[in-house]
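Two complexes are shown next, each including chain A; its partner changes from chain B in the first to chain C in the second.
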Partner chain A sequence: MNQAQVTKLVSKLRINVAAEPRRLRSPKGPEGRLNKLRKTVTGLIKYERIELNYNRGDEARQYAERLISEAITHGDCHKPTMEIADYWLLEKELVHKLFKVLVPRYENCNTAYTRMYKAPRPQYSRNTEKAVLELRGNPYPPLVNKQHNNRHLIQNILLDAAKYDYRQAKYAEMAD
Partner chain B sequence: MKLPISQLSQFIIRQSNKKAFLSIRCLSTQEATERRHHLFTLEKKRQLELVGRIEKIEVKYKGLPQECTLVMNKDISTPYDCAKHLGEWHMESSALALLDSSVHWDMHRPLSESCTLEFQTFNIAEPQQVNKAFWRTCSLVLGACASVAFKDNVTVKLHSFPGPDIRSGSFIYDVDLPTLPDWQPTQQELHTLSAEYVKLTRRNDLIERLEVGEALALEMFSDNEHKTKQIPDIAKANGKVTLYRVGNHVDISKGPLISSTGQIGKVTVSSVHKLLGSSESDVKQLYRFQGVALPTGAILNHFAFSILTDRAKKLVRLYKLLL
Partner chain C sequence: MALAIRKSTFSILATARCIVPREFRGLSSLPETKEDVAQDVAKRSTGRKIRFQNPALEYRHVYPEFLPDPNPKWRNTLREKMERADMLKRRSQIDIPEFYVACENQSVTDLYRTYKTLTYIYPVSSPTSFEPFIRVSGTGIISRTGSVAHYSLDEGPPKGSKLVSDDTRYIYVKLKPKPWLERWERQELKGVANIDEHLKEKDKVRRELRKTPWEKYDLMKQYRKTIPAEDQNEIWGEVHNQLNQLRLSRKKMFKKRPVSAPKTQLA
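On to the complex of A and B.
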């Protein structure tokens, strides 16, 4: 009964994590798989938006989320966290970026730290799905145009005017 | 048919400064359209030849994918030509060009000096001007639709369309049909009109702009007494009339308009109402064609769109009556 709850020990990620890790094929076995993912996580932290195969992107995303959440909870004075950061980030200047730039950016964030989109597949290619993986709050222009709620859009103006008309008609009915 | 018209038009163009003579002849609507189209082509060619030695201007493009400087031809290159350098997406989606962050410019109007250039699509943050241009274009194309939709024995004389008012719920074209004194369009006829409209949008015609002198404008619209009355008022400011051509339909509009008819997506011609002129005006009666449209790519549920079409069936009364 004195056992600690596992959910309290491990930071809960805000993305869906598959029950089993994906096996990314590599001649070096599990170590080769981790090396691949380290490269991807490093690239993600460095460039903030990368395009890659869906499988590898989805797998690396989980590690990147975990790394950032560890950094946020423990800060840069915590030795095990620092070791994790040192392991996952192949370029050491990115360790500074993680603690000095990304931690302040995501401290008060209540969503996932990364975002993943399905990318168009090149024609006549092998059947590999592509994805775009990015850190939230990156400096690039947004990939999707979310303007549906912009009230100056022509469809919204028209609907707004129709609503106004309907209301006026109802008020007139009530007054009679 | 072709030869006398070309001779006549060249004569008119040569004498465009002098007073044009107005000849009365009986052309069918289609012949008159062809004639205007022909005169428009000639005048456009003449204006292009007037440019003479080609000078270069620098256009600084701002926006995606990156800022760049394009060296273009003065008075020949249009924002659409700049878009061609940037990619197909820009050509298809840009509706208006914004010069020096202040002037809204047609996509097919030649640039006359060095400037900065931005492209505006329908889903930018501040699309008011683009919407107005869209609504204006819809009205103009509705005129084109009305003039092709009827049989040859029905004379169609376009009167005018008011400035864009999107909140009114429908775009308008006032048309004079002298041979149809009592026409109540059936639902089937409205469907046919809408289908004609869709045909025009599917053709994906570029909307060309041309400024012509008053005399030539009068000659072009000599078969249409409403337009010939309006032209002197329009030309009062600087002696020029701005014409737009969609396919082979030429009409007067202040502009600016959007880039092509392919940018008009969902569209319905919702109603045709009869308007009676006041006693002192010389126009006895007009038909007000109304419709509602959305840009290509605008996402709207079909139920919501049906609300808009139902609303567009009501007659829109203008505060400033044209009649």
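On to the complex of A and C.
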């Protein structure tokens, strides 16, 4: 049983957080682990959607969520938050993006700021799970299309074509 | 019954007040005034900060023992609720003072803690509030690492340690030469005046190598050690009324206490 620390007040993350952090192998130890995650978080903030290994994606997701929630709660006039943003975002123009684009975007958001999907594994690959990590409200077309009735979905187009072929074959049989 | 009627009429009126202007707005083709929109935006933007503005959250500094263990393996909402009720009951029977010094077993949440305090001194100068730090008499050092206060029992540095300057905030301590109980040089103590005198060149090199400057940026490490504000709001909302009453009653008791000079015991 440990006493909770009270000096810092953090807002609750809207994603599931494992009890223990994952160890990402690095010759530089815990510092190297954070360096890896910094690269990933920077990439996520920059490109808004990235594909990567699941383990690293899941870890980086937690840090990205924390970074955004810190930015929302304290704003850009808070020095420690600015230092944290400076550490986590390797490209400094992204600090502006964090405070001027992402904070207004997520201020009234009631869900998590990021979304993660399991991506298909490349065939004959090593046993690495792949994932797609993205910021919510990104400008790209959605990855998961829930409109099953959409006629323009590629699956539906193919199904329609198959049905059409089948019907044509039947008509040809009946005509004979 | 009368209450119910009054309540219902009031609520009807209130809802009507909410609905009416909207209906008129809906009928008219005029756009909403800019002021309304601006107010809405302002309200929404502060919506998140409100969670941090709860004044009861300040109790976390005074009663940290009411917060549960942050490790999710140990969490159990029902058990925590029962424990808090139990702690309140205990406090209504015994006057448990608020501790600010991390004593030996202070790192344990409340019910599992055994108190080992050497002295507890009622502050003479300010009878209404307890002083932020307990003065420890006898053998021992007090030092501060940022926000955490350390107290180490005999051996190593303590015997004959001198308090160098007695500020209300910081009490500086002079260390005796090695051997020490702990490697004090690696802990970035703020309350120690003369630590560099006792270090060899090797120790200084090792201290530099052991530093972990990245740890203050490890956001998840901090997160895993704290209880988030949303959870704390629930906890303090549950107990802060009773805690407040306990504090007030203790203040009253303190004022009623007969003032007398302590008798010196001669062995």
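Structure notes:
Throughout what follows, the second predicted complex is superposed on the first by the 139 of 176 C-alpha atoms of A that agree within 3 Å, B and C clash if a C-alpha of one lies under 4 Å from a C-alpha of the other, contacts with A are read in each partner's own complex, and residues count from 1 in each chain.
Going forward, a contact is a pair of C-beta atoms (placed from the backbone, for glycine too) under 8 Å apart; a residue touches a chain by one contact, two chains touch by 3 or more.
This is a predicted model, so every value here is computed, not measured.
Of the two partner chains placed by superposition, only chain B is touched by A:Asn145; chain C is not. Between chain B and chain C, the partner in contact with more residues of chain A is C.
Within the superposed three-chain model, A:Pro30 lies in touch with chain C and out of touch with chain B [touch as defined at top]. When both complexes are overlaid on chain A, the residue A:Thr40 reaches neither chain B nor chain C. Applying the stated contact rule after C-alpha superposition, one finds that A:Ile84 touches chain C and leaves chain B untouched. Touch criterion met: A:Tyr63 reaches chain C, while chain B stays clear of it.
Legend: residue contacts after superposition of the two complexes on their common chain; A:Thr114 is shown touching neither chain B nor chain C.
When the two complexes are overlaid on their common chain A, residue A:Thr7 makes contact with chain C while staying clear of chain B. Looking at the shared chain after the overlay, A:Asp165 reaches chain B, while chain C stays out of its contact range. Interface residues of chain B facing chain A in the complex, by the touch rule stated above, are 64, 122-128, 131, 134-135, 166-169, 292, 294-295, 298-300, 304, 307-308, 311.
On the chain A side of its complex with chain B, the touching residues are 141, 145, 147-148, 150, 152-155, 157-162, 165. Residues 1-13, 17, 19, 21, 30-31, 34, 59, 62-63, 66-67, 70, 72-73, 83-84, 87-88, 107-108 of chain A are the ones that touch chain C when the two sit in their complex. Remark: chain C residues 44-45, 47-49, 51-52, 57, 60-61, 64-65, 67-74, 106-109, 112, 146-147, 212, 214-215, 217-232 touch chain A in the complex.
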